[in-house]
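The next part holds the structures, each set out as structure tokens.
In the two complexes below, chain A is the common chain; its partner is chain B in one and chain C in the other.
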Partner chain A sequence: MMRLPVLSHFTPKTLDEAIALASELPSARFVAGGTDLLPKLKRRQLGASALISLTRCEELQTIKRLDDGGWRIGAGVKLVELVRLPELRSSHPAIWQAASQVASPPIRSSGTVGGNLCVDPRCFWFDQTAPWREAAGQCMKIDPAVVCRVAPNSPRCWAVSSTDLAPAMGAARAKVRIVGPAGERTVPLPELYRDDGIDYMTLSHGEVIVDVEIPGSVGWRSAFWKIRRRQSIDFALLSASVEVFMLTDEVLEARVGLGAVGSCPLFPPEVAAVLVGTKLEDDVIEAAAAAAKKLARPMETSDMPSSWRRRVLPVAVKWALREVRGDDVTDARRRYGPQVLLP
Partner chain B sequence: MKTRVTLQVNGEERELLVQPHHTLLEVLREDLGLTGTKHGCELGECGACAVLIDGEAVLSCLTLVGDTEGSPITTIEGLGEGQTLDPLQTMFAKLGGSQCGYCTSGMVLTARALLDRNPDPSEDQVKAALSGNICRCTGYNQIIESVLEAAAQERAGGASE
Partner chain C sequence: MNSPSDPPDSAVQPGPVRRGVGTIDPRTGPTNVGVPRTRVDGRAKATGATLFADDMHLPRTLHCKLLRSPWPYARITGIDTSAAEAMPGVVKVYTGESFPIPYGILPVSHDEHALCQELVRFVGDPVAAVVAETEEQAEDALAGIKVAYEVLPSVREPEDGFVIEGPPIHERRGPGNVHKAVSFAFGDVDEGFAEADLVVEGDFHFGGNTHLALEQQATLAALDRDGRLTVWSSTQCPHYLHKHTAKALDMAPADLRIVATPNGGGFGGKSDVFNHEIVVAKAAQELGRPVKICLTREEVFLCHRGRHPIRMHLKTGLTKDGQLTGVHLKTLLDGGAYGSYGVASTYYSGSLTTVTYHVPRFQFDACRVHTNKPPCGPKRGHGTVQPRFAQEVQLDEIAEMLGKDPADLRLGMLEKAGAETANWLRLPSIGLGTCIKNIVKQSDWTNLHRKLPHGQGIGLACSSYLSGAGLPINWDRLPQSAVQLRFDRSGLVVAFCGATEIGQGSDDVLAALVGEVLGLPAMSIRLVTGDTDLTPVDLGSYSSRVTLMMGNAAVQAAERGRALIADAVAEKLSVRASTLVFADSRVFPADNPDVGMSFAKAVQLGEQKHGTLGTTGSYRPMAPSARFKGGGVGPSPTYSYTAAVALVDVDVDTGFVTVPKVWISHDIGRALNPTLARGQLVGGVYMAVGEALMESHEARDGRPFDEGRYLLRNPSMLDYKHLTHLDMPEVITDLVEEPCPEGPYGAKEIGQGPLTPVIPAIANAIYDAVGVRFHEVPITPDKLLAALEAKAKGAEDVVVGPKPFPTDVPYPEPMDVPPPWEGGNGRARGEGDYAPGQGSKARKGRSS
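Showing the complex of A and B:
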């Protein structure tokens, strides 16, 4: 039986109470759905003296349609609730597609929006059982005295950002509201992250993501493509989210989010720039995909070689761009991620 | 130190002392003796431990027991009424949807959650709904048939035999 380490568990009913508890307990962790954190605690990859559940905090449970057609989505909203929102599917397809491809159905029934944004970056050397890691001599993410096993000369950890919502929500210009002991602040979603596999978030101890505000999408078209080994459950080997603003057939503005190819989600302006002023012709799509390939530097963090991930990243970018152009991508969707077809 | 919790399991209120770091899976099996819920990978990969909480199929191995207070929990022991099996249980038995049986309670409960939301699922929808549940015997065809047949029986009026 794989048990959690001995720890205390608190179930505060308000956000204030949760934050106050965290201030008193420096080695406590917040937990929402627990689908990422609990396995890591069970495998002794992370430690905690106490868990503070956010599941009962009403403040995190909102789903609100905004006047501009956008959304305010509470961090405690379960992923399955997003998947069951046809209005989100039509207004913000990429975000809906990302939510519907996170892990497996039972995990989406517990896993939350905030939890997915906070998924711990993953690496082949880190996401293993304790005996495996011990036999291999550990890695930097477990023990700072050990080198990064992926890049032994590197001063930093290269574990890979594995959230699906972040590339989609970041490309959709989402802002994140955070409350903590020092008060409230709102940041553009990309600013939640640091390019580091260990210290990967800009949240400080006691800070909680309350909700995500996504602006309206009139004139915007979007698509999210995720490539993983098993369509039913796995984390991304890579993902691409594209958003284009077009009132006629010309792209006036564009944003691209790339997931699982670095320690933070990437939002490269140089890839988006290739699309602006075009009609998404085939050669433009090729050029944008090539720009994404040039920029992304996946490391040997996954069970597929980084060379494969570099080769396939532009394929995902191309399919996402064909989808927003209006091509019929049903067959390709069925091959790469059949769950997307089914609400 | 143990803490007191009150759980709603299979329609009964159960007050008990539990270790706060125990998951619902451990409490169901070890404190309540409800061993129909199986422990498989214990990491959220296999679906063997699925139970219904508030009607949703969730993984009891990744659910802290303290988070389930106040929510109705249904385990495989709570399906059906008395000696009458749930149509899903009947069809799993009749059509060979259960081979070694280890994944069965998770499969049946996950399918129950699906049929409660969607009484007439397509085969693709059944496959998608069960895609987080692994059958090590690989008896997926019979499992999918069992779910579709149980759904058809329920739509026809509930008689399972």
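Showing the complex of A and C:
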């Protein structure tokens, strides 16, 4: 069995204590459920001298319904807790659908919202054991002296953003509250990310995601579609989250989030723009799907060829839009991931 | 089979039984046989009480880790272990020097060393071993070993191996990297094609895949107080491990004890002798302390010995009313870096082609080539799954061409029970017709086939598998399975047998059969298995041999015990022994139960009369009819048959295939424990759907800069895609019980066969759903989507398959073996008095 390297482990009781510890330990990492971080440490993909657990910090455990019908969700909340919230399922279906399609039941019982937003971008060349990477000749993400193996002429790493919650929460206009050595700040969720497979977050050392605020959804309809190889456990090959604001049958406002097609989640305004002012007619849906296909550049990072992922991205967009239009998508849901089955 | 009122044949026979034994006593009905029961080892497995190899720990245990090659093919030009030796906790560092003696599971391919000698042959080939106080220290010290390599050009595909420039992967084979090439003509197949109204040809490819047993291999070795070595290991074949470890370490087998710990799944992946087993055995012997190793999941993927990728060319001739006139099959196996069971796999890639449908003339050419990849070997359905895929997909095409229903076509060409095939295989019983009729009815086939809406489809296919290889790996005339029973005064019966529980239920079969003869519940029998010090030899859990072979031996041993006990009880009660029945843990006259006694009391009477009660039973199959060279692979005491129907749902936007439902019917002869039998069917379907749709053990190069790199693409449970619970179809199981005269109580195998037909059934169902033919597996969404797009653009007859079968495979001239109906005698024309297993001629240079 692969073992963890020898590490110090801290369990601070408060957020302040956690941040102070991080300031003292420059090569420490925060850990929450550990479901992303610990396998990577075991495979020696990342280094760390110490782990600072966030699981005892009360500040991260909130689940609060807000006056406008929105939610404040602590970063330490476990995914399974979201899945068990029927009110979230009816107010924000896309977020609920995303949470319930992360990994598998055991992983959702330990994995947290904060950890999910911070999932390390993945790539076939990187997410392997140390002996494998040695035999393969390493890659940029492990050794800056080596080129990116999926795009050798590129100066950057193309590891793929693999968080399911980020496209859903981003499309739902979530804001993220961050506390760090320099104090507190709140940013719109998309601003958490950088389009780079290595340096993928805008958090600086010692900054902790405390919670996510999701505005109310009166008049909004949403859906999240994840395409993956198997109906459990697998990371997204790509995902699409759509949010449309419609009081009658006309779309007044729209947002689209795309996951697993770049090193950060994408929220392309040009795709959303196609939808505004329409009644989500078939040709509008086709046009939006085509717009999404045009800007997504999946690379050879995952277990399916990028050409296939590029072809299938519009399918995910299409089904998400059909679902918000009110079509019966039961059959298609059954083919793509039955655990989100049916109310 | 005999009537229970007479002394059973197997009780009086002096030697091993050769045919099926055991009859249910009609006066009492069955005790265990045919009764759906909780398996005898079920409680311990469900509660976690079972001790697997990695659960074992002895005081002062040292830990071992292996350093594996990062190069696919290279010459070791130097190894410096000094830094590693100086690292904390390190006790010993081994290199190839300490392991000069080669071994290999088959006598014809002793091509492995515990640690590499001069060459490394795949990424993962073990080069050195560290033994240290802790596992972490051993792991850390691997980094201290410096190995210099001269990288050689690697061979990646079998067709690159016919003519090579660099050194061959193994000396004394060839040409090039060819490991084994064979060719047989059972009749003149061209004559068959000339007679045919329809001749169909196709190229097929079955991708490689691996076993994925949940338990990772582990081994613990230690000296006992007398200085003799014991090795506990997760192995399917303790007998072969015994033989080969003794050879590789140059020690007397009697000084070595192998204990097979319960296997957490095997599927063929624990049937070889593995490097790590030999290394820890030697370390324990030399260092005088227990030494243990547990492989990582990645290492298990590298040890492999899984399903060979096979390219196939299949040509079939038929009359217009659907009778086969001839079949010509060519196969090309990608063997990977070592021999393993590969010679057998080579023969199996064709030899069972004839056992389902009547094939009057059959030509079969097979070739296995070494490549610089993890070695392939036996996986569930060993070597037969791939050609069966080709054959059953092609039959679906033929049915369409002839305008026949695929089920009817097959029913019309079935081979008959009692037949001897073109390649001299005896088929004592065939329940395939019943299997086909049952699933056709259960699945409502006739109303669904070609009648479902676009995107949904239903497909059918059949298969057959051995119930034990007719010949042992090491040709001798010894029993292939044996059981020893000890009858205690307490009424306890202990059964000793070398058989190995790998999850398939071999313990349950042993206990149930001994109990059946003696009227005792299976749960009451105590078992000692898989221990070369304590148990008589059973060759191991491979080739679906255990139920039939061990079962017959167990019944013989139990009947001998029953005869001794009945004799004493009859004397005591002044009745004839034949009037006694053994039931409900009692022994009593059938017509007067009240005068009977407990089984314990009966054992005491037996012991009083005969002395300590112990009996043995053993089994050896009848000699096969095939007596030509190479005819040793394929014969079996009997064959199981399976038919499957799969329903698929194709998502035309993505190419995803889901399988909502599978119907499977299996000719098992007799289900000794229907609960376990149905479990094997469901497990077979699980594995088959994975192989059909996603499982792929494949290598990748180092693109964009190659530099000679070439390694397994996906050695983890996340990346080696296999079904999750949610991907699993609903399975409707059906057991066809037409007792076979060769098996115990009529039983045949069920562990391997049922996987096979499900894969072509899925391919055929996909054709029914969307009109795309798949001549290769796995059928992945990208391939299917591309085919659908081609079809949408107007392409007709879209076939997804491999590039054309190479024309330059160096097959030998075919050996001419006349089939039984052409006056043959089981030998090749012009071949002398050759008979497997007899005389020195047979042993020399023969392959099993």
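Note that the second predicted complex is superposed on the first by the 341 of 343 C-alpha atoms of A that agree within 3 Å, B and C clash if a C-alpha of one lies under 4 Å from a C-alpha of the other, contacts with A are read in each partner's own complex, and residues count from 1 in each chain.
Quick note on the criterion: a contact is a pair of C-beta atoms (placed from the backbone, for glycine too) under 8 Å apart; a residue touches a chain by one contact, two chains touch by 3 or more.
Owing to the predicted nature of the structure, the values given are computational and were not obtained by experimental measurement.
Asks: Look at A:11 in the shared chain and tell me whether it touches chain B only, chain C only, both, or neither; answer first, second, both or neither.
Replies: Only chain B is touched by A:11; chain C is not.
Asks: So, A:307: does it touch chain B (first), chain C (second), both, or neither?
Replies: Only chain C; A:307 stays clear of chain B.
Asks: Please work out whether A:233 is in contact with chain B alone, chain C alone, both, or neither, and reply first, second, both or neither.
Replies: After superposition on chain A, A:233 lies in contact with both partners, chain B and chain C.
Asks: Now for A:215: first (chain B), second (chain C), both, or neither, which partner does it touch?
Replies: So A:215 meets neither chain B nor chain C here.
Asks: Contacts for A:69 in the overlay, against chain B (first) and chain C (second): which applies, first, second, both or neither?
Replies: Once the two structures are laid over each other on A, A:69 reaches no partner at all.
Asks: State whether A:2 touches chain B only (first), chain C only (second), both chains, or neither.
Replies: The answer is both, since A:2 touches chain B and chain C.
Asks: In the overlay, answer first, second, both or neither for which of chain B and chain C A:51 touches.
Replies: Only chain B is touched by A:51; chain C is not.
Asks: Which parts of chain A are touched by chain B and by chain C alike?
Replies: 1-3, 6, 104, 231-233, 338-339
Asks: Within their complex, state which residues of chain A touch chain C.
Replies: Listed in rising order, the residues of chain A that touch chain C are 1-3, 6, 104, 124, 128-129, 131-132, 134-137, 147, 149, 152, 227, 229-234, 303-305, 307-308, 311-312, 315, 318, 332, 334-339.
Asks: Of all residues in chain A, which touch chain B in the complex?
Replies: 1-9, 11, 31, 33-35, 38-39, 42-43, 51, 53, 55, 80, 103-107, 109-110, 231-233, 338-339, 341-342
Asks: Considering the complex alone, what residue numbers of chain C touch chain A?
Replies: Against chain A, the touching part of chain C is residues 68, 70-71, 123, 135-136, 139, 216, 294, 296, 298, 649, 651, 653-656, 658, 694, 702-705, 707, 709, 711, 713-716, 718-719, 721, 723-727, 780-782, 785.
Asks: Under the stated contact criterion, what part of chain B meets chain A in this complex?
Replies: 3, 19-23, 26, 39, 42-45, 47, 50, 56-59, 61-64, 66-67, 69, 110, 124-125, 128-133
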